[in-house]
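First chain A sits with chain B, and in the next complex the same chain sits with chain C.
Let's look at the complex of A and B:
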């Protein structure tokens, strides 16, 4: 596949000669590549691993996650992610999928959330959360994104997420908005979604979590946000912290009405 | 315009009161949601005046923007010997423009930072992988020339972009301690040297 890109770029270089034409052809080749990788998405392996984890007795309580309530009732997985984040009465918090899975793992299986919060991406129990995420999200494929912004707690998180989105800080003065508040921009060759508009938010929220071909890794939304902040040069967001959930509510809320197509494959 | 000015004080008061209550919640959330990791310490979450004003650009008045720009202008350190780019090496400048490394919690503290110029700007017309958040700078000096005015402006813009546009997306490379004076001179050479591929 990589060879395909190189060939396409080379062909374009020979045929084009003009800078603009070359840039356009490179972009077209990249878009073709993105389409190709959707067809054989390795995230399916994570989905399968997650499905097995869901029904496997684990943790100090040797229990499965089959009674986990993702908002549609205990054990209902289908369509649940398309309505997350949401407010949960039992925790008194607005939760995204990953923080909710931590709650279920702690209450049902006895796996301490601290272990996951202080862990590392793609390792140990946090790695298992990622597989579970792949499974749960896959069960919302094709569903309409429907986050309940009428709920006052969710609405409050939406507003805080919006403020966080515009919050500039750190040695480079960056905010999420620096890269994600204008149409049609890119970093290097990477297209940037405008998350302040429905169209961009729906495309982004609807395709994450995702398998990233560039580093052969499945990334959850918590992982994606962590790396956004790393590149913003801020301090590190804590796994499952309120700011990450608020930003997810903002993105999901802006994406409302769009279609959930995740886990997707990305360059 | 006059009508807007008359209404403004009232709207401003209401806006500030509202923003403060909201801002407190956001600050609380930030304090509980982030942790220091290596050189990426918690003090990075505290905003200076520019960052604060530009986190809510809709409420920033023209007058306040000019005031901020004037203050930022005073932070610019001009080269003491007048050596803006002649002493720089465009090849070093290219490396700095190409590298987006530095200052993250995964970067080694103390190692040289990149300028990350290509993340947002086109520079060498032969380099296809460039971002579009900033203006395209291909053929920089070939198009703009090398007058004292443009050379000085470019140094200042790289050193502290907020001196010219309070809410610019561009980092304050010199003032923010991202690039050293020597590194800025190399980047300047990359933009101005007739031998630099930027001007070919």
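Let's look at the complex of A and C:
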């Protein structure tokens, strides 16, 4: 009896090793776990906090963010994230959600972007930006991802993002592509999406920002990108910098046509 | 001080399912901060759920429940529009009550 179980376990382990992917029943169990954690997602608490921040007068100008233009007109939040990153006339730049929120917080509320750029994730004003991100992204749930790649500035950022994605750097000569350019890759127990294909990009872009069960933290896309660079042991990008926006344009562009389903919960 | 609870209640076939996500640090009192000082225990000790002022669930919680507790339960009865009220108290004497209508 014991021998039988040991043999079965060994067979499963070998099967897992030979195919380079987790055994089917393990993968199914993980998928069931992923479904379960969506129901109790603490990111909803960040959404609620962000919703309140949107309408609360703050900063030296004691103003709300209700006039913030996320691309669909001042104050229009529903569906706005699904079309970001995008080009904004008033700043003359392609911006992702976090850099755009910094613009609104500075122009409308007088909260200096420098403070957020020099700050730390999950602390101070950058922490507030995360809650606002949760709220804004939640308002695009179910919406189709539609980044306007025809706009020349956006197209330029897409190409820059693709270049950055393949650019190798740091002591281990890693690029994003090292982990995210092949199907079926996995790092320990974490499946890695292939971001060079629509399916992988849509799954990834559509599920961030997210609450990470592994460290009980809500992370935005800027946080996720920063940590990717940290994990590669290479230079971490400046918060809201063009390289981070370019990478977002690349991923979102590849995800075009997919569906937003964030904030999500992840292992 | 504590953030709002996210409560969802839906009735179907004579049974109402309620799902509550609470915002609470749920500190066990066993952890230490960076300087080596014990982080004081701070956790929900009891929770009461009411349906139209009638108590349908009473929960005793302790430090083994993790941060931002999620609770899901069902009870017989309840119809669309009825009120579900959830209240909790913690070991520091803080409390919070939120309510929603059944969908």
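One rule holds in what follows: the second predicted complex is superposed on the first by the 243 of 267 C-alpha atoms of A that agree within 3 Å, B and C clash if a C-alpha of one lies under 4 Å from a C-alpha of the other, contacts with A are read in each partner's own complex, and residues count from 1 in each chain.
Heads up, the rule we're going with is that a residue touches a chain if its C-beta (ideal position, glycine included) is under 8 Å from a C-beta of that chain, and two chains touch if they have at least 3 such contacts.
Keep in mind it's a predicted model, so treat the numbers as computed, not measured.
Of the two partner chains placed by the overlay, only chain C lies in contact with A:49; chain B stays clear of it. By the touch criterion defined above, A:246 reaches chain B but does not reach chain C.
By the touch criterion defined above, A:225 reaches neither chain B nor chain C. Of the two partner chains, chain C is the only one that A:40 touches; chain B does not reach it.
In the superposition on chain A, contact of A:216 is made with chain C only, not with chain B.
By the document's definition of touching, of the two partners only chain B reaches A:185; chain C does not. Of the residues of chain A, not a single one touches chain B in one of the two structures and chain C in the other.
Contacts from chain A toward chain C in the complex involve residues 39-42, 44-45, 48-49, 216. Residues of chain B touching chain A in their complex: 22-23, 25-26, 29-30, 32-37, 40-42, 44-47, 50-51, 54-57, 103-106, 118-120, 125, 128-133, 138, 162, 169, 171-172, 176-178. By the touch criterion given at the top, residues 9, 19, 22-23, 26, 159-160, 163-164, 166-175, 178-179, 182, 184-190, 192, 230-231, 233-238, 241-244, 246 of chain A touch chain B in their complex. Of all residues in chain C, only 3-4, 6, 19, 21, 23, 66-68, 70, 72 touch chain A in the complex they form.
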